[in-house]
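Note that the chains are named A, B, C, D, E and F in the order they appear, and that numbering of residues resets to 1 at the start of each chain.
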């Protein structure tokens, strides 16, 4: 341990995934004072309509913003 | 909070994902008497051979059903 | 399916847990048009220092608020 | 219950997923002395840059190995 | 990998947890043809009112059963 | 997002939980170039017999180590 599961919006590049895995592993190992070799990270991606805040998905929010822009 | 992770069979439409995110957020906020803005929902989809009951995947059950239909 | 995991702040009463399980199951079944008997919900509770937003735990926020009240 | 979530590297065949679902369900039911019909398994797959050990993703390790082979 | 998260009803003995960890690790390693040293298992326990089927918690079902027995 | 779930061995102090929440939130926000206010972390703790590697729980490993020490 620790085993860390990171839920991210889909669409990150390989470079971003590698960078966040490295940074979060370092941070967790130092903060918990454990050997970094014990730190495992799983990344799970979610599409724009697979994450919602207050019942409204990111996809709906994007559409509303685009519709709003179209009117200005 | 609450943070809610919903495991669903793959294949739902955008409309279905938006509807369930909205309905479950409403239900959770009311039942727990919390501000709906604190409710986050993650949807994770699983293919027919990534969910099993009693060791038999949905994919296997579908095949068995189709095979059974072919014999009638 | 669906299998739903709800992360809640620790301290809910039995009554609240039963109410949210019932309400969310109903909402999910109706929104996804599935048999409610297929809906399973797991509740996982987290203490005040086991949930953070922007790197600050609920426990820290509570202490800061109490300290703030003590000064007014 | 039990509800079991298996995080696997992406790329398993349908046959492998069915075999592990069956084997793990059997093992869990026997070890816990429960009816196998109560055992549900979810498989979640992760790409080579969505799983890391010690901050280094499987994708990075594969590249380093290939680069190492190229030099020998 | 694999990383396996097992959700169990609370109340298992140490012996049962050790037995299921051993059995499931063996089964997963053999079925996936991977080194058992790569298999990690996390057990998360849930109280009787933290697991529900069809919106009814195990706690409610136990109470209903006991009430039913009291009438016979 | 991101929503991060950290599985830790039980027994961390409040101070340690606060430190790792802060460090990992900072690291994730910087690496992903997102507003730290969007970063939520859940900590889930597991007892010594709720985490195993290669089918052997931490509890078993501790006992074996203590037994080994007793013989030297």
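Here is the rule we go by: contacts are C-beta pairs under 8 Å (C-beta built on N, C-alpha and C of every residue); 3 or more make two chains touch, one makes a residue touch a chain.
Small disclaimer: the values here were computed from a predicted structure and weren't measured.
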Set of chains adjacent to subunit B and to subunit C: D, F
Residue-number overlap at the subunit A/subunit B interface, same or different (half cut): different
Repeat of interface B-C, chosen from A-F, E-F or A-B - more than half of residue-number contact pairs shared: A-F
Centre-to-centre distance between subunit D and subunit B (centres being mean Cα positions), rounded to whole Å: 21
Subunit C and subunit D, separation of their C-alpha mean positions in angstrom: 28
Junction residues of subunit C - those touching two or more other chains: 3, 5, 7, 22-24, 26, 40, 42, 44, 46, 51
Arrangement of touching chains [line / ring / star / complete / other]: other
Interchain contacts, given as pairs of chains that touch: A-B, A-D, A-E, A-F, B-C, B-D, B-F, C-D, C-E, C-F, D-E, E-F
For the subunit A and subunit F complex, residues of the former touching the latter: 1-9, 12, 16, 19-20, 22-24, 26-28, 30-32, 46, 51
Interface residues, subunit B side, partner subunit A - complex: 5, 14, 17-18, 21-26, 36-37, 39-45
Touch list for subunit A against partner subunit B, complex: 7, 44, 46, 49-57, 59-60
Of all residues in subunit A, those that touch subunit E in their complex: 3, 40, 42
